[in-house]
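Pasting a structure below so you can have a look.
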């Protein structure tokens, strides 16, 4: 257990070293957020919707703030697999899946918190109708934090499955790009899932990608009332278990192959 | 003429070398399709929910989306040397190889890469243009076709200029990729929708500083029969030239900056 | 006026240091990469350019080839200022950077040459004859259809040379051409460079760390250190200054042979073998050999001048590099 903790800490330290790069990323993300908000505002003036504008703008900002959680593959890990130096890790007395899982989690968590805090502060300070609203209720906020954590577990499990594909084919850039794009669309980054046609939403919100950010954001804005929060968290939890299980089995199979090939 | 032949020769060779990895190539082309398809889907879903944006109806919005998409990805496809390679060449000092050859730097950078994977994005954009043109019931005339060609060409040159900014920053080893991305990819995302969607500061940014509105939206709106800003017809033909002016200014800056080129990385 | 004419060349680089704790801005430091460097080269010369890492060799080559703009001084190559008339200038030069390729990675090298033909606007007839000539001299015949990425380091260097000589440049710059090559490739490469220099009259300027290259190729050598020119002349003259140690190794038939030597000369013994070192300024080599022979039956005897790399190291040390 201690080994995983120190792997987590090491990766977090590495991520913190790139503080200089954070500022540029935050400015870029804020800019994209402003553009999206401007588009939805213009749309709303023509035909207001049932769901309030402030919910949509909050959705946009929360998506932008935690963007790094969705899309942050660790080039060092993929390189390790491609160059075959993963063989060193195979020799460690650790479960490879768990070892990589904590590294990915450290990177996603540190990277996104580092960016999210300044961005959310900025979004709070924006005028009414542009920025981030306060959470709908204290209970809703608490539920959404729990939901965000489950979302993090989900996305790490998903990333590890992608990593498994890289292990199998060595150069999985095409595959990775494809899965990442699917995630961007189905996680609500390109268009808030709350603006998808209502009939689609019933299906999309059940898919694993919606568990990452969409579910916690809806709890935050109150689109999902706190009373139905336990149900949402249950769905998230099921996906975490399912995706982690699939990942572990996938990695086991890959590892066997690697060992047979002799690294 | 000679330069064009050199460009075509380079393209042939580059495409041949990319096809050496067919599976990766195919999957990446597919990924491009999903990406642009996703963007298109977002517009379709928004139109489905909101029906119109200011005075623009569904057909108009598809048309603007298609215009930007075709322009941007044609540039990324054929100008990949500038949109993708240029900063890398400067940062690693690989530009040296080009500097010791008796050809223009810009020619050689343009000849250094092509990105045929973008063909699927261009196709999506083309489809949006056709659908939009049909829904908005555009009556095509020779003048309109010519104006659209001018808009796409000038828009491409503008985009090349925007990407070149990063190469300039690289000469001074300033890390700026995100900030430049805000202008390039941010400009693309923003200007998929007509300029009057935005509040004043963004309108100024994309009209004066990175003039997507002048190169794409002014001619596009005229083709749709809803002229922007109430400008007369001659202005519609002049306004895209701003893209060329923009490129020319940036290119001048680049040449000035080259005096400080350090050729690091050897 | 000589072919290459360099006067008081200056180049400065501004280096941004890592931000110190608490400081808002990074500190800047100016490094003078070249200081008042002057030299002339005539057409057809083969000139070696040596100096420790960071001495300014590459900077000089990059200025001469029009890549960098200097901060002061004058340079003309064949009457042209490289960075001002870049295109006309580079038509007349060829450049090989040891660590960097100018050919295309994934295509057969012949295809790269075809593209270079278009880039340099070489006429088809001239291209054909020149390519045939270089193919033979560099033994590239079997490799023409092979992509660059599949060539060995030695083959790749030959391919690079061919690429940079297709347009018959008057002047060839080589930046560490033998780095990482095996013995056979090195010898072949040196032979080719001599051939090109004699047959085509190509002026060659070579930077290297491999002193064997200089010994084999360059009648004239220039030493650069801390951005300043420290020496310009023949290799023999350069070494004469620092060649201060001889090593003699003798094998005797008898195990107990003990020659009488002047005191202060270090002797090391290993069975029947004896090694001594001395300075030729203090003692004549003939005298030393006579003393050694007097002590017993000599089976074998070798006299070695100092190892050339050590000589250069000693030279750099003395020049405080």
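Note that the chains take the letters A, B and C in the order they are written out, and that residue 1 is the start of every chain.
Here is the rule we go by: a residue touches a chain if its C-beta (ideal position, glycine included) is under 8 Å from a C-beta of that chain, and two chains touch if they have at least 3 such contacts.
Keep in mind that what you see is a predicted model, and the values were worked out from it rather than measured.
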Ask   = Using each chain's Cα centroid, which is most distant from the centroid of subunit B?
value = C
Pair of chains joined by the greatest number of C-beta pairs in contact = A-B
Request  = By CA centroids, point me to the most central chain in this structure.
outcome  = B
Query = Measuring from the mean C-alpha position of subunit A to the mean C-alpha position of subunit B, what distance in angstrom results?
reply = 30
Ask   = How far is the middle of subunit B from the middle of subunit C, if each middle is the mean of its Cα atoms, in Å?
value = 46
Remark   = Separation of the C-alpha centres, subunit A versus subunit C, in whole Å, is 54
Request  = Going through subunit C residue by residue, note those that touch at least 2 other chains and give them in order.
outcome  = none
Note = Listed in rising order, subunit B residues that touch subunit A in their complex are 21, 23-28, 30-31, 34-35, 38-39, 41-42, 45-46, 48-54, 175-179, 181-182, 186, 189-190, 193, 197-199, 202
Key: subunit B to subunit C touching residues, read off their complex   = 2, 5-6, 9-10, 13-14, 16-18, 20, 93-94, 96-97, 99-104, 108, 173, 258-259, 261-263, 266
Key: subunit A residues touching subunit B - in the complex, by the definition given at the top   = 20-21, 24-25, 27-28, 31-32, 34-35, 38-39, 42-47, 49, 171, 173-175, 177-178, 181-182, 184-185, 190-191, 195-197
Query = Along subunit C, where are the residues that touch subunit B in the complex?
reply = 13, 16, 58, 62, 65-69, 86-88, 90-91, 93, 95, 97, 99-102, 104-107, 111, 114-115, 118-121, 175
